[in-house]
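Which chain is which? They are A, B, C and D, in the order written, and residues in each are numbered from 1.
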Amino acid sequence: MSDTAIMRGRASYEMVSGDIARVRDFVREFLISAQNLRGWAVSARALDVAQLVASELATNVCKYAPGPCLVDLEADGTTLGIVMWDSGSVLPVASAADPTRVGQHGLELVLMVCKSLEVHQETVGKSLRALIDLADSPDTPLFGPATG
Amino acid sequence: MTTPESRGDRSGPLPVITPCGEFDLESLPPLKAQIDAAVAAHGGVVVDAAGITFADSSFLGLLLATHQAADLRIAAPSATLGRLLSVVGADAVLRIHPGVQDALAAS
Amino acid sequence: MSDTAIMRGRASYEMVSGDIARVRDFVREFLISAQNLRGWAVSARALDVAQLVASELATNVCKYAPGPCLVDLEADGTTLGIVMWDSGSVLPVASAADPTRVGQHGLELVLMVCKSLEVHQETVGKSLRALIDLADSPDTPLFGPATG
Amino acid sequence: MTTPESRGDRSGPLPVITPCGEFDLESLPPLKAQIDAAVAAHGGVVVDAAGITFADSSFLGLLLATHQAADLRIAAPSATLGRLLSVVGADAVLRIHPGVQDALAAS
(Lines give C-alpha, C1' and ligand atoms only; values in the text may rest on other atoms or scores of the structure.)
Protein backbone atom coordinates (compact mmCIF):
# COMPACT_ATOMS: atom_id res chain seq x y z
CA MET A 1 0.00 0.00 0.00
CA SER A 2 1.41 3.38 -0.90
CA ASP A 3 1.82 6.00 1.76
CA THR A 4 -0.74 8.30 0.13
CA ALA A 5 -3.41 5.80 1.12
CA ILE A 6 -2.73 6.51 4.76
CA MET A 7 -4.82 9.04 6.63
CA ARG A 8 -3.34 10.78 9.65
CA GLY A 9 -4.50 13.02 12.43
CA ARG A 10 -2.90 14.62 15.45
CA ALA A 11 -4.22 16.47 18.46
CA SER A 12 -2.75 17.57 21.76
CA TYR A 13 -4.35 17.93 25.16
CA GLU A 14 -3.40 19.26 28.54
CA MET A 15 -5.66 16.63 30.09
CA VAL A 16 -7.83 19.14 31.86
CA SER A 17 -11.50 18.59 32.65
CA GLY A 18 -13.44 17.27 29.66
CA ASP A 19 -10.39 16.19 27.69
CA ILE A 20 -11.10 12.46 27.96
CA ALA A 21 -14.37 13.05 26.11
CA ARG A 22 -12.58 15.34 23.62
CA VAL A 23 -10.08 12.60 22.81
CA ARG A 24 -12.98 10.26 22.08
CA ASP A 25 -14.66 12.88 19.88
CA PHE A 26 -11.43 13.37 17.96
CA VAL A 27 -11.18 9.64 17.28
CA ARG A 28 -14.84 9.29 16.34
CA GLU A 29 -14.72 12.23 13.93
CA PHE A 30 -11.51 10.94 12.39
CA LEU A 31 -13.15 7.58 11.66
CA ILE A 32 -16.30 9.15 10.30
CA SER A 33 -14.18 11.29 7.95
CA ALA A 34 -12.27 8.20 6.90
CA GLN A 35 -15.57 6.58 6.02
CA ASN A 36 -16.97 9.61 4.19
CA LEU A 37 -13.86 10.90 2.43
CA ARG A 38 -12.13 7.63 1.62
CA GLY A 39 -15.07 5.30 1.45
CA TRP A 40 -13.48 2.90 3.91
CA ALA A 41 -15.70 0.42 5.68
CA VAL A 42 -15.77 1.22 9.39
CA SER A 43 -17.97 -1.11 11.42
CA ALA A 44 -20.10 0.01 14.34
CA ARG A 45 -17.96 -2.25 16.47
CA ALA A 46 -14.77 -0.51 15.28
CA LEU A 47 -16.26 2.88 16.08
CA ASP A 48 -17.07 1.61 19.58
CA VAL A 49 -13.74 -0.04 20.13
CA ALA A 50 -11.73 2.95 18.92
CA GLN A 51 -13.53 5.26 21.34
CA LEU A 52 -13.19 2.76 24.14
CA VAL A 53 -9.44 2.41 23.63
CA ALA A 54 -9.01 6.18 23.35
CA SER A 55 -11.01 6.65 26.54
CA GLU A 56 -9.01 4.06 28.47
CA LEU A 57 -5.65 5.42 27.39
CA ALA A 58 -6.67 9.02 28.08
CA THR A 59 -8.06 8.03 31.48
CA ASN A 60 -4.71 6.50 32.36
CA VAL A 61 -2.89 9.67 31.38
CA CYS A 62 -5.20 11.58 33.75
CA LYS A 63 -4.65 9.10 36.53
CA TYR A 64 -0.99 8.23 36.19
CA ALA A 65 0.80 10.81 34.06
CA PRO A 66 -1.04 14.11 34.37
CA GLY A 67 0.19 16.75 31.97
CA PRO A 68 0.45 17.12 28.24
CA CYS A 69 -0.71 14.31 26.01
CA LEU A 70 -0.35 13.90 22.27
CA VAL A 71 -2.69 11.73 20.21
CA ASP A 72 -1.68 10.47 16.77
CA LEU A 73 -4.13 8.59 14.57
CA GLU A 74 -3.16 6.65 11.50
CA ALA A 75 -5.50 4.62 9.36
CA ASP A 76 -5.23 2.66 6.17
CA GLY A 77 -8.29 0.93 4.76
CA THR A 78 -7.93 -1.94 7.22
CA THR A 79 -6.71 -0.76 10.59
CA LEU A 80 -6.60 2.26 12.85
CA GLY A 81 -3.53 2.99 14.97
CA ILE A 82 -4.01 5.12 18.07
CA VAL A 83 -0.76 6.39 19.52
CA MET A 84 -0.93 8.23 22.82
CA TRP A 85 2.16 9.92 24.15
CA ASP A 86 2.44 11.23 27.69
CA SER A 87 5.23 12.78 29.73
CA GLY A 88 5.34 10.15 32.47
CA SER A 89 8.38 7.92 32.49
CA VAL A 90 6.71 5.13 34.48
CA LEU A 91 5.62 2.35 32.15
CA PRO A 92 2.41 0.38 32.58
CA VAL A 93 3.59 -2.87 34.04
CA ALA A 94 2.30 -6.31 33.33
CA SER A 95 1.37 -8.59 36.15
CA ALA A 96 -1.17 -11.29 36.80
CA ALA A 97 -4.78 -10.52 35.97
CA ASP A 98 -6.89 -10.66 39.09
CA PRO A 99 -10.41 -11.74 38.15
CA THR A 100 -11.66 -11.00 41.67
CA ARG A 101 -10.74 -7.33 41.39
CA VAL A 102 -13.72 -5.07 40.79
CA GLY A 103 -11.34 -2.34 39.60
CA GLN A 104 -11.17 -0.82 36.19
CA HIS A 105 -8.98 -3.31 34.31
CA GLY A 106 -8.46 -0.59 31.72
CA LEU A 107 -5.46 -2.01 29.89
CA GLU A 108 -6.83 -5.54 30.18
CA LEU A 109 -9.83 -4.30 28.22
CA VAL A 110 -7.62 -2.57 25.66
CA LEU A 111 -5.66 -5.78 25.13
CA MET A 112 -8.89 -7.69 24.60
CA VAL A 113 -10.29 -5.45 21.90
CA CYS A 114 -7.09 -4.60 20.01
CA LYS A 115 -4.97 -6.49 17.51
CA SER A 116 -1.85 -5.29 19.29
CA LEU A 117 -0.67 -2.99 22.05
CA GLU A 118 2.81 -1.50 22.11
CA VAL A 119 4.67 0.34 24.85
CA HIS A 120 7.52 2.56 23.68
CA GLN A 121 10.04 4.43 25.77
CA GLU A 122 10.56 7.88 24.35
CA THR A 123 13.35 10.36 24.98
CA VAL A 124 10.83 12.17 27.16
CA GLY A 125 7.96 10.12 28.54
CA LYS A 126 6.48 7.14 26.76
CA SER A 127 3.92 6.24 24.15
CA LEU A 128 1.34 3.51 23.86
CA ARG A 129 0.15 2.35 20.46
CA ALA A 130 -3.02 0.34 19.97
CA LEU A 131 -4.04 -1.19 16.65
CA ILE A 132 -7.71 -1.75 15.84
CA ASP A 133 -9.44 -3.54 12.96
CA LEU A 134 -11.75 -1.21 11.02
CA ALA A 135 -14.01 -3.95 9.72
CA ASP A 136 -15.49 -6.91 11.54
CA SER A 137 -13.54 -9.96 10.51
CA PRO A 138 -12.71 -13.48 11.63
CA ASP A 139 -9.36 -12.07 12.75
CA THR A 140 -11.02 -10.10 15.50
CA PRO A 141 -12.35 -12.90 17.64
CA LEU A 142 -12.10 -11.51 21.13
CA PHE A 143 -14.81 -8.90 20.91
CA GLY A 144 -17.47 -11.47 20.22
CA PRO A 145 -20.30 -10.97 17.77
CA ALA A 146 -21.71 -7.49 17.39
CA THR A 147 -25.03 -7.23 19.18
CA GLY A 148 -26.44 -4.15 17.58
CA MET B 1 -48.89 -8.54 33.05
CA THR B 2 -46.59 -8.47 36.04
CA THR B 3 -46.47 -5.04 37.63
CA PRO B 4 -44.04 -3.77 40.23
CA GLU B 5 -46.78 -3.93 42.85
CA SER B 6 -47.21 -7.66 42.33
CA ARG B 7 -43.72 -8.44 43.67
CA GLY B 8 -44.23 -9.50 47.24
CA ASP B 9 -40.71 -9.57 48.54
CA ARG B 10 -40.11 -5.83 48.93
CA SER B 11 -41.89 -2.96 50.58
CA GLY B 12 -41.91 -1.00 47.33
CA PRO B 13 -40.62 -1.10 43.78
CA LEU B 14 -36.94 -0.47 43.18
CA PRO B 15 -36.10 3.02 42.00
CA VAL B 16 -35.30 3.42 38.32
CA ILE B 17 -32.38 5.58 37.18
CA THR B 18 -32.11 6.60 33.53
CA PRO B 19 -28.59 7.79 32.74
CA CYS B 20 -28.12 9.34 29.30
CA GLY B 21 -24.99 10.15 27.34
CA GLU B 22 -21.34 9.20 27.77
CA PHE B 23 -19.85 7.82 30.97
CA ASP B 24 -16.17 7.91 31.78
CA LEU B 25 -13.96 8.70 34.77
CA GLU B 26 -14.93 12.36 34.66
CA SER B 27 -18.65 12.14 34.00
CA LEU B 28 -19.24 9.28 36.43
CA PRO B 29 -19.44 10.95 39.88
CA PRO B 30 -23.03 12.31 39.65
CA LEU B 31 -24.34 8.95 38.42
CA LYS B 32 -22.41 7.12 41.12
CA ALA B 33 -23.93 9.42 43.75
CA GLN B 34 -27.42 8.74 42.39
CA ILE B 35 -26.88 4.98 42.36
CA ASP B 36 -25.37 4.96 45.84
CA ALA B 37 -28.29 6.96 47.20
CA ALA B 38 -30.83 4.60 45.62
CA VAL B 39 -29.00 1.58 46.98
CA ALA B 40 -28.77 3.09 50.45
CA ALA B 41 -32.51 3.77 50.51
CA HIS B 42 -33.86 0.68 48.74
CA GLY B 43 -31.11 -1.95 48.71
CA GLY B 44 -31.12 -1.95 44.95
CA VAL B 45 -31.67 -0.03 41.76
CA VAL B 46 -32.78 -0.49 38.17
CA VAL B 47 -30.50 1.23 35.67
CA ASP B 48 -32.39 1.91 32.46
CA ALA B 49 -29.35 1.78 30.17
CA ALA B 50 -30.92 2.43 26.76
CA GLY B 51 -29.61 5.99 26.61
CA ILE B 52 -25.98 5.23 27.35
CA THR B 53 -24.12 6.22 24.20
CA PHE B 54 -20.65 5.44 25.56
CA ALA B 55 -19.19 3.66 28.58
CA ASP B 56 -15.70 2.48 29.49
CA SER B 57 -13.94 0.56 32.24
CA SER B 58 -14.65 3.27 34.82
CA PHE B 59 -18.38 2.78 34.27
CA LEU B 60 -17.94 -0.99 34.25
CA GLY B 61 -16.19 -0.77 37.60
CA LEU B 62 -19.17 1.10 39.04
CA LEU B 63 -21.60 -1.56 37.77
CA LEU B 64 -19.54 -4.43 39.14
CA ALA B 65 -19.04 -2.78 42.53
CA THR B 66 -22.74 -1.98 42.81
CA HIS B 67 -23.67 -5.52 41.81
CA GLN B 68 -21.43 -6.99 44.50
CA ALA B 69 -23.03 -4.86 47.19
CA ALA B 70 -26.67 -4.58 46.16
CA ASP B 71 -29.52 -5.66 43.89
CA LEU B 72 -28.47 -4.04 40.62
CA ARG B 73 -30.67 -4.65 37.58
CA ILE B 74 -29.69 -3.34 34.18
CA ALA B 75 -32.50 -2.77 31.71
CA ALA B 76 -32.34 -2.48 27.92
CA PRO B 77 -28.62 -1.85 27.52
CA SER B 78 -27.72 0.06 24.36
CA ALA B 79 -25.77 -1.81 21.66
CA THR B 80 -22.56 -0.07 22.74
CA LEU B 81 -22.98 -1.03 26.37
CA GLY B 82 -23.99 -4.56 25.40
CA ARG B 83 -20.76 -4.95 23.48
CA LEU B 84 -18.69 -3.64 26.40
CA LEU B 85 -20.35 -6.04 28.83
CA SER B 86 -19.88 -9.02 26.56
CA VAL B 87 -16.17 -8.32 25.91
CA VAL B 88 -15.27 -8.72 29.54
CA GLY B 89 -17.81 -11.41 30.28
CA ALA B 90 -19.74 -9.07 32.56
CA ASP B 91 -22.96 -10.08 30.80
CA ALA B 92 -22.65 -13.44 32.52
CA VAL B 93 -22.27 -11.86 35.95
CA LEU B 94 -24.63 -8.90 35.96
CA ARG B 95 -28.41 -9.14 35.90
CA ILE B 96 -29.54 -7.80 32.54
CA HIS B 97 -33.17 -7.48 31.43
CA PRO B 98 -34.69 -6.56 28.10
CA GLY B 99 -36.77 -3.71 29.54
CA VAL B 100 -37.48 -1.69 32.66
CA GLN B 101 -40.73 -3.55 33.40
CA ASP B 102 -38.95 -6.92 33.22
CA ALA B 103 -36.25 -5.61 35.50
CA LEU B 104 -38.76 -4.35 38.06
CA ALA B 105 -40.74 -7.58 37.90
CA ALA B 106 -37.73 -9.86 38.28
CA SER B 107 -37.19 -11.53 41.61
CA MET C 1 18.24 1.46 5.40
CA SER C 2 17.72 -1.19 2.73
CA ASP C 3 16.27 -4.53 3.66
CA THR C 4 19.49 -6.34 2.75
CA ALA C 5 21.07 -4.72 5.77
CA ILE C 6 18.75 -6.65 8.04
CA MET C 7 19.88 -9.88 9.63
CA ARG C 8 17.29 -12.45 10.63
CA GLY C 9 17.16 -15.68 12.57
CA ARG C 10 14.43 -18.09 13.57
CA ALA C 11 14.26 -21.05 15.91
CA SER C 12 11.46 -23.10 17.37
CA TYR C 13 11.19 -24.85 20.70
CA GLU C 14 8.82 -27.22 22.41
CA MET C 15 9.73 -25.60 25.72
CA VAL C 16 10.99 -28.78 27.24
CA SER C 17 13.71 -28.94 29.90
CA GLY C 18 16.74 -26.83 28.99
CA ASP C 19 14.96 -24.78 26.35
CA ILE C 20 15.06 -21.51 28.27
CA ALA C 21 18.86 -21.71 28.23
CA ARG C 22 18.78 -22.72 24.55
CA VAL C 23 16.75 -19.64 23.66
CA ARG C 24 19.39 -17.50 25.39
CA ASP C 25 22.18 -19.29 23.54
CA PHE C 26 20.40 -18.71 20.24
CA VAL C 27 20.13 -14.98 20.93
CA ARG C 28 23.72 -14.69 22.15
CA GLU C 29 25.13 -16.50 19.14
CA PHE C 30 23.00 -14.43 16.79
CA LEU C 31 24.41 -11.21 18.25
CA ILE C 32 27.98 -12.49 18.17
CA SER C 33 27.53 -13.40 14.50
CA ALA C 34 26.09 -9.95 13.87
CA GLN C 35 29.20 -8.46 15.40
CA ASN C 36 31.63 -10.72 13.55
CA LEU C 37 29.98 -10.96 10.14
CA ARG C 38 28.54 -7.46 9.85
CA GLY C 39 30.95 -5.54 12.03
CA TRP C 40 28.08 -4.09 14.05
CA ALA C 41 28.85 -2.67 17.45
CA VAL C 42 27.15 -4.78 20.12
CA SER C 43 27.79 -3.58 23.66
CA ALA C 44 28.30 -5.91 26.60
CA ARG C 45 25.15 -4.39 28.03
CA ALA C 46 23.19 -5.23 24.88
CA LEU C 47 24.42 -8.82 25.01
CA ASP C 48 23.24 -9.00 28.63
CA VAL C 49 19.94 -7.33 28.00
CA ALA C 50 19.11 -9.47 24.97
CA GLN C 51 19.70 -12.67 26.91
CA LEU C 52 17.75 -11.34 29.87
CA VAL C 53 14.75 -10.46 27.72
CA ALA C 54 14.90 -13.80 25.91
CA SER C 55 15.08 -15.61 29.23
CA GLU C 56 12.14 -13.73 30.72
CA LEU C 57 9.91 -14.24 27.68
CA ALA C 58 10.83 -17.93 27.43
CA THR C 59 10.23 -18.41 31.15
CA ASN C 60 6.75 -16.97 30.74
CA VAL C 61 5.99 -19.37 27.91
CA CYS C 62 7.00 -22.23 30.20
CA LYS C 63 4.89 -20.91 33.05
CA TYR C 64 1.81 -19.61 31.26
CA ALA C 65 1.60 -21.02 27.74
CA PRO C 66 3.36 -24.38 27.71
CA GLY C 67 3.78 -25.84 24.24
CA PRO C 68 5.44 -24.76 21.03
CA CYS C 69 7.26 -21.46 20.89
CA LEU C 70 8.77 -19.66 17.91
CA VAL C 71 11.59 -17.14 18.27
CA ASP C 72 12.31 -14.61 15.51
CA LEU C 73 15.32 -12.32 15.69
CA GLU C 74 15.80 -9.30 13.50
CA ALA C 75 18.69 -6.86 13.72
CA ASP C 76 19.83 -3.86 11.79
CA GLY C 77 22.98 -2.05 12.84
CA THR C 78 21.17 -0.26 15.66
CA THR C 79 18.55 -2.46 17.27
CA LEU C 80 17.64 -6.08 17.89
CA GLY C 81 14.02 -7.22 17.77
CA ILE C 82 13.12 -10.38 19.67
CA VAL C 83 9.72 -11.75 18.73
CA MET C 84 8.42 -14.67 20.73
CA TRP C 85 5.26 -16.43 19.62
CA ASP C 86 3.40 -18.90 21.78
CA SER C 87 0.14 -20.79 21.43
CA GLY C 88 -1.59 -19.35 24.50
CA SER C 89 -4.45 -16.99 23.81
CA VAL C 90 -4.28 -15.32 27.23
CA LEU C 91 -2.46 -12.02 26.96
CA PRO C 92 -0.11 -10.69 29.61
CA VAL C 93 -2.14 -8.07 31.36
CA ALA C 94 -0.96 -4.77 32.71
CA SER C 95 -1.76 -3.76 36.23
CA ALA C 96 -0.13 -1.73 38.96
CA ALA C 97 3.48 -2.52 39.81
CA ASP C 98 3.74 -3.70 43.40
CA PRO C 99 7.15 -2.78 44.76
CA THR C 100 6.55 -4.84 47.90
CA ARG C 101 6.20 -8.05 45.89
CA VAL C 102 9.22 -10.31 46.13
CA GLY C 103 8.01 -12.10 42.98
CA GLN C 104 9.68 -12.26 39.65
CA HIS C 105 8.53 -9.04 38.00
CA GLY C 106 9.62 -10.55 34.70
CA LEU C 107 7.78 -8.27 32.29
CA GLU C 108 8.44 -5.27 34.49
CA LEU C 109 12.13 -6.00 33.99
CA VAL C 110 11.65 -6.43 30.25
CA LEU C 111 9.90 -3.07 30.02
CA MET C 112 12.75 -1.44 31.90
CA VAL C 113 15.53 -2.64 29.66
CA CYS C 114 13.81 -2.41 26.27
CA LYS C 115 13.04 0.47 23.95
CA SER C 116 9.61 -0.98 23.35
CA LEU C 117 7.44 -3.99 24.08
CA GLU C 118 4.55 -5.05 21.86
CA VAL C 119 1.78 -7.57 22.43
CA HIS C 120 0.14 -8.90 19.27
CA GLN C 121 -2.88 -11.14 18.99
CA GLU C 122 -2.29 -13.76 16.33
CA THR C 123 -4.75 -16.00 14.55
CA VAL C 124 -3.45 -18.72 16.84
CA GLY C 125 -1.89 -17.63 20.10
CA LYS C 126 -0.04 -14.37 20.53
CA SER C 127 3.37 -12.84 20.07
CA LEU C 128 5.47 -10.47 22.14
CA ARG C 129 8.07 -8.26 20.47
CA ALA C 130 10.84 -6.55 22.42
CA LEU C 131 13.20 -4.01 20.85
CA ILE C 132 16.71 -3.58 22.26
CA ASP C 133 19.45 -1.05 21.50
CA LEU C 134 22.62 -2.72 20.27
CA ALA C 135 24.94 0.05 21.38
CA ASP C 136 25.01 1.97 24.65
CA SER C 137 23.53 5.38 23.99
CA PRO C 138 21.90 8.31 25.74
CA ASP C 139 18.62 6.91 24.43
CA THR C 140 18.89 3.92 26.72
CA PRO C 141 18.64 5.61 30.08
CA LEU C 142 16.86 3.05 32.18
CA PHE C 143 19.56 0.42 32.40
CA GLY C 144 21.96 2.81 34.11
CA PRO C 145 25.69 2.93 33.40
CA ALA C 146 27.44 -0.31 32.54
CA THR C 147 29.44 -1.54 35.51
CA GLY C 148 31.81 -3.97 33.85
CA MET D 1 42.86 -7.85 58.98
CA THR D 2 39.45 -8.90 60.12
CA THR D 3 38.96 -12.65 59.96
CA PRO D 4 35.70 -14.55 60.30
CA GLU D 5 36.78 -15.71 63.78
CA SER D 6 37.09 -12.13 65.02
CA ARG D 7 33.36 -11.49 64.61
CA GLY D 8 31.89 -11.82 68.05
CA ASP D 9 28.16 -11.79 67.30
CA ARG D 10 27.81 -15.33 65.92
CA SER D 11 28.79 -18.76 67.00
CA GLY D 12 30.65 -19.36 63.75
CA PRO D 13 31.27 -17.81 60.38
CA LEU D 14 28.48 -17.80 57.85
CA PRO D 15 28.70 -20.52 55.22
CA VAL D 16 29.88 -19.44 51.77
CA ILE D 17 28.14 -20.70 48.63
CA THR D 18 29.82 -20.25 45.25
CA PRO D 19 27.29 -20.73 42.44
CA CYS D 20 28.76 -20.82 38.94
CA GLY D 21 27.13 -20.55 35.53
CA GLU D 22 23.67 -19.47 34.42
CA PHE D 23 20.65 -19.23 36.70
CA ASP D 24 17.07 -19.23 35.47
CA LEU D 25 13.76 -20.84 36.42
CA GLU D 26 15.04 -24.30 35.48
CA SER D 27 18.54 -24.20 36.89
CA LEU D 28 17.55 -22.52 40.14
CA PRO D 29 16.20 -25.37 42.36
CA PRO D 30 19.56 -26.91 43.44
CA LEU D 31 20.93 -23.47 44.36
CA LYS D 32 17.73 -22.61 46.19
CA ALA D 33 18.00 -25.85 48.19
CA GLN D 34 21.61 -25.05 49.10
CA ILE D 35 20.78 -21.52 50.20
CA ASP D 36 17.74 -22.64 52.18
CA ALA D 37 19.80 -25.29 53.97
CA ALA D 38 22.52 -22.78 54.85
CA VAL D 39 19.95 -20.32 56.11
CA ALA D 40 18.21 -22.98 58.18
CA ALA D 41 21.47 -24.00 59.84
CA HIS D 42 23.19 -20.63 60.26
CA GLY D 43 20.56 -17.92 59.84
CA GLY D 44 22.41 -16.51 56.88
CA VAL D 45 24.69 -17.18 53.93
CA VAL D 46 27.36 -15.51 51.85
CA VAL D 47 26.82 -15.94 48.12
CA ASP D 48 30.11 -15.56 46.27
CA ALA D 49 28.62 -14.29 43.02
CA ALA D 50 31.72 -13.79 40.88
CA GLY D 51 31.03 -16.89 38.80
CA ILE D 52 27.45 -16.10 37.85
CA THR D 53 27.53 -15.66 34.08
CA PHE D 54 23.77 -15.10 33.71
CA ALA D 55 20.83 -14.42 36.00
CA ASP D 56 17.24 -13.32 35.42
CA SER D 57 14.18 -12.39 37.42
CA SER D 58 13.77 -15.91 38.80
CA PHE D 59 17.20 -15.64 40.41
CA LEU D 60 16.46 -12.11 41.56
CA GLY D 61 13.30 -13.37 43.25
CA LEU D 62 15.35 -15.94 45.18
CA LEU D 63 17.79 -13.26 46.37
CA LEU D 64 15.03 -10.91 47.47
CA ALA D 65 13.08 -13.63 49.28
CA THR D 66 16.24 -14.85 51.05
CA HIS D 67 17.17 -11.30 52.02
CA GLN D 68 13.75 -10.72 53.57
CA ALA D 69 14.02 -13.84 55.70
CA ALA D 70 17.70 -14.09 56.60
CA ASP D 71 21.17 -12.53 56.62
CA LEU D 72 22.06 -12.71 52.92
CA ARG D 73 25.39 -11.23 51.85
CA ILE D 74 26.38 -11.09 48.21
CA ALA D 75 30.08 -10.99 47.47
CA ALA D 76 31.85 -9.84 44.31
CA PRO D 77 28.88 -9.89 41.89
CA SER D 78 29.87 -10.40 38.27
CA ALA D 79 29.35 -7.47 35.88
CA THR D 80 26.23 -9.14 34.49
CA LEU D 81 24.69 -9.66 37.90
CA GLY D 82 25.68 -6.14 38.94
CA ARG D 83 23.80 -4.75 35.97
CA LEU D 84 20.72 -6.82 36.75
CA LEU D 85 20.68 -5.69 40.39
CA SER D 86 21.09 -2.03 39.46
CA VAL D 87 18.29 -2.04 36.85
CA VAL D 88 15.68 -2.95 39.40
CA GLY D 89 17.23 -1.00 42.25
CA ALA D 90 17.99 -4.21 44.12
CA ASP D 91 21.52 -2.96 44.70
CA ALA D 92 20.06 -0.45 47.14
CA VAL D 93 18.20 -3.14 49.06
CA LEU D 94 20.54 -6.12 49.15
CA ARG D 95 23.82 -6.25 51.08
CA ILE D 96 26.59 -6.36 48.51
CA HIS D 97 30.29 -6.61 49.34
CA PRO D 98 33.39 -6.35 47.13
CA GLY D 99 34.74 -9.73 48.22
CA VAL D 100 34.03 -12.82 50.30
CA GLN D 101 36.25 -11.72 53.20
CA ASP D 102 34.48 -8.34 53.40
CA ALA D 103 31.14 -10.14 53.35
CA LEU D 104 32.17 -12.50 56.16
CA ALA D 105 33.63 -9.68 58.21
CA ALA D 106 30.62 -7.40 57.83
CA SER D 107 28.34 -7.03 60.81
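To be clear about the criterion, a residue touches a chain if its C-beta (ideal position, glycine included) is under 8 Å from a C-beta of that chain, and two chains touch if they have at least 3 such contacts.
What you are looking at is a predicted structure, and each value in this text was computed from that prediction instead of being measured.
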Distance between the centres, which are taken as Cα means, of chain D and chain C, whole angstrom: 27
Where chain B and chain D are represented by their mean Cα positions, the distance between them in whole Å: 56
Cα-centroid distance, chain A relative to chain D, in whole angstrom: 45
Touching two or more other chains - residue numbers and ranges from chain C: 105, 108, 112, 142
Topology of the chain contact graph, where touching chains are joined (line, ring, star, complete, other): line
Listing of all chain pairs that touch each other, if any do: A-B, A-C, C-D
Interfacial residue positions of chain B with respect to chain A in the complex: 22, 24-27, 54, 56-58, 60-61, 64-65, 68, 78-80, 82-84, 86-88
Chain C contact footprint on chain A (complex, rising order): 90-98, 105, 107-108, 111-112, 114-121, 123, 129, 139, 142
Sites on chain C touched by chain D in the complex: 17-18, 20-21, 24, 44-45, 48, 51-52, 55-56, 59, 62-63, 102-106, 108-109, 112-113, 142-144, 146-148
